[in-house]
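Here you go, one structure.
Chain IDs A, B, C and D follow the sequence of writing; residue 1 opens each chain.
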Amino acid sequence: MALLLFDLVLCALLLLLAGAAMLSRSLTQAVTLFIAFGVMMALAWARLKAPDLALAEAAIGAGLTGALCFTALVRYAKQPAYPQPALWRPLTFIGLVTALLLASLSQIPLQPSSAIPALVQQHLPQSGVSHPVTAVLLNFRAWDTLLELLVLLLALLGARQAPGDLPRYRGWSLSISWSRLLSPLLLLVSGYLLWRGAAAPGGAFQAGALLASGLVILRLNQQLSWLSWRHFWVRMLVLGGLLAFVLAGAVSLLLQDLGAVWLSWPQSIAGAVILIVESFATLAIAVTLTLLVVGEPKPEVADA
Amino acid sequence: MLSFYLYLGTAVLLVGIGGLGLWRGPELLRRILALNVIGAGIFMLMVTLAYRPVMQGEPADSVLHALVLTGLVVAVSATAFALALLGRLLTRAD
Amino acid sequence: MTIMLMISWLLLALGLMFFLAGSIGLLRFPDSFSRLHAVTKADTLGLGLLVLGLSLQSSWREGLLMALIWLIVMASGAVSCQLLARFSDEQPSESATQQED
Amino acid sequence: MSVVALILLFSMLLGIWRVLKGPALLDRLLTIQLFGSTGVAILLVLSKVFALPALLDVALLLAILAAAAPAALVQRLRQQKQRSRQRTSL
């Protein structure tokens, strides 16, 4: 009973935050509400027993999205206020569509009819890891993960074509030393998440997102000035995830018999291959997201 | 049972709210936020569908969880790309 | 065992009281700085009591992890309180210098 | 035990009013702070309710990031003020 009430309040909070973010007059308020919405989504994933997603959402929603949106807000600094458009026409149309969608929800069967989860459970012992989500991401559907790394790379290359012009600024010493104090802990927890991914919720995406949040926070506090695209090894780190993936695919193709499928690992070394690929993927995800979020600062701008 | 439909309904309503924000705007930044809200609604629909086996005492559907996990990271990178374009646009408007 | 459980629930209830007090403070206090005070202090203490109450019902490993979480939240409450206060303190003065320019 | 989570969630609901009302930016940032610490508490309680120890890791992660995020965000917002000041001096 209390759990049902909990669900009710959680859903009400989610809808309230999203609605207020869309309709609020000030953009700063909208961004603040959206960040709070991200934290609430992490709670919703925890409630729906998806701890993997809760980990990723907490890292992305509480760290990366905040930095991204506040950077955008900085650019909106002196824009004139936009007039508020009328509400009734979009509201009628969207309300109608949403009502139809809501009515169609009763068609969703309560019993899942897909046979795929059973297949995953059946092949889990041969995958090299014991956590099903990691097995799906890095073994059964390794193609998806490979292509996702490609998408990340493309996003970074695209964003590099549109550089911003944010000046550097000197931070407070309290904030700088606090971020320095936290950084070993962030590194430790990312490593822990990566290692745990074999047997429990965790893995490359969560560890990469957390590491990226940590790096972003350090970058915003004037640390890690070497972390930019100009540096050769940073570029190698960005490419490393894809390269390790393709290399692992090629090597395991050679090790297996003729007729083996691309990106299927030999069973005896599957665990090791997954760990190596995941380590490189974590670093690649972390560095790519960091560069995407903080961008390149202008070479030198005088302090205030 | 009731919670299941509650979360399904919330997912659909989130998509609706996001669609409203996407239509109405008026700032581009708010439209990007609206796309993220629509994405959150769709992810929630998928995770709620993955929750169905839990109601029968089985583990949740890991394939859907993996899909949503991929989606979360792709969504944040797409948002970052969109915001970079937005930043460029605002710089030129100055 | 039942006494432990009772103590645990007592601590949980106390912790909840501090959380609610923090939220009510955020709602009702007259100016931003007292609201800052309410949120960063009351919630930290509430979380501490909650962690204590929960760790009476769980294994020592989980208890240790929860204690670590509490330490982080406590330190961050203190630091972010300072940073936020300094940030809002800077706002009026900056606009004043801007007018002088 | 889920009653505890419910009450915590309710205290978050109270905080929303402050984001909507403002008036200063500080008040809005404060609500994010409140959401961070209360969210950590809810995750701890949920991990007990569902017997899912993995949620403790989520709470740890949220605690670290909620700790570090305000510091970083405040830096960015100070850039905003610097930027608008540069603009007016040009």
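As a convention for this text, a residue touches a chain if its C-beta (ideal position, glycine included) is under 8 Å from a C-beta of that chain, and two chains touch if they have at least 3 such contacts.
As the structure is a computational prediction, the values presented were derived from the model and not from experiment.
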Among all chain pairs, the one with the most C-beta contacts: A-B
Distance-maximising chain from subunit B - centres being C-alpha averages: C
Distance between the centres, which are taken as Cα means, of subunit C and subunit B, whole angstrom: 30
Where subunit A and subunit D are represented by their mean Cα positions, the distance between them in whole Å: 18
Residues within subunit B bordering two or more other chains: none
Residues of subunit D engaged with two or more neighbouring chains: 10, 12, 25, 29, 31, 60, 64, 66-68, 71, 74, 77-78
Sites on subunit C at which at least two other chains make contact: 72, 79, 83
Touch relationships between chains, expressed as pairs: A-B, A-C, A-D, C-D
Subunit C-facing residues of subunit A, complex: 172, 174-175, 178, 185
Subunit D partner contacts - residues on subunit C that touch it in the complex: 12, 15-16, 19-20, 22-24, 26-27, 32, 35-36, 39-40, 43-44, 46-47, 50-51, 54, 57-58, 62, 65-66, 68-69, 72-73, 75-77, 79-80, 83-85, 87-88, 90-91, 94, 98, 101
In the complex, subunit C residues that touch subunit A: 72, 79, 82-83, 86
Contacting residues of subunit A [partner subunit D, same complex]: 2-3, 5-6, 9-10, 12-13, 16-17, 20, 24, 28-29, 32-33, 35-36, 39-40, 42-43, 46-47, 49, 51, 54-55, 58-59, 62-63, 66-67, 70-71, 73-74, 77-78, 166-167, 169, 171, 175, 178-179, 182, 185-186, 189, 192-193, 196, 200-202, 206, 210, 213-214, 216-217, 220-221, 304
Of subunit D, residues touching subunit C in the complex: 4, 7-8, 10-12, 14-15, 17-18, 24-27, 29-31, 33-34, 37-38, 40-41, 44-45, 48, 53, 56, 59-60, 63-64, 66-68, 70-71, 74, 77-78, 81, 85, 88-89
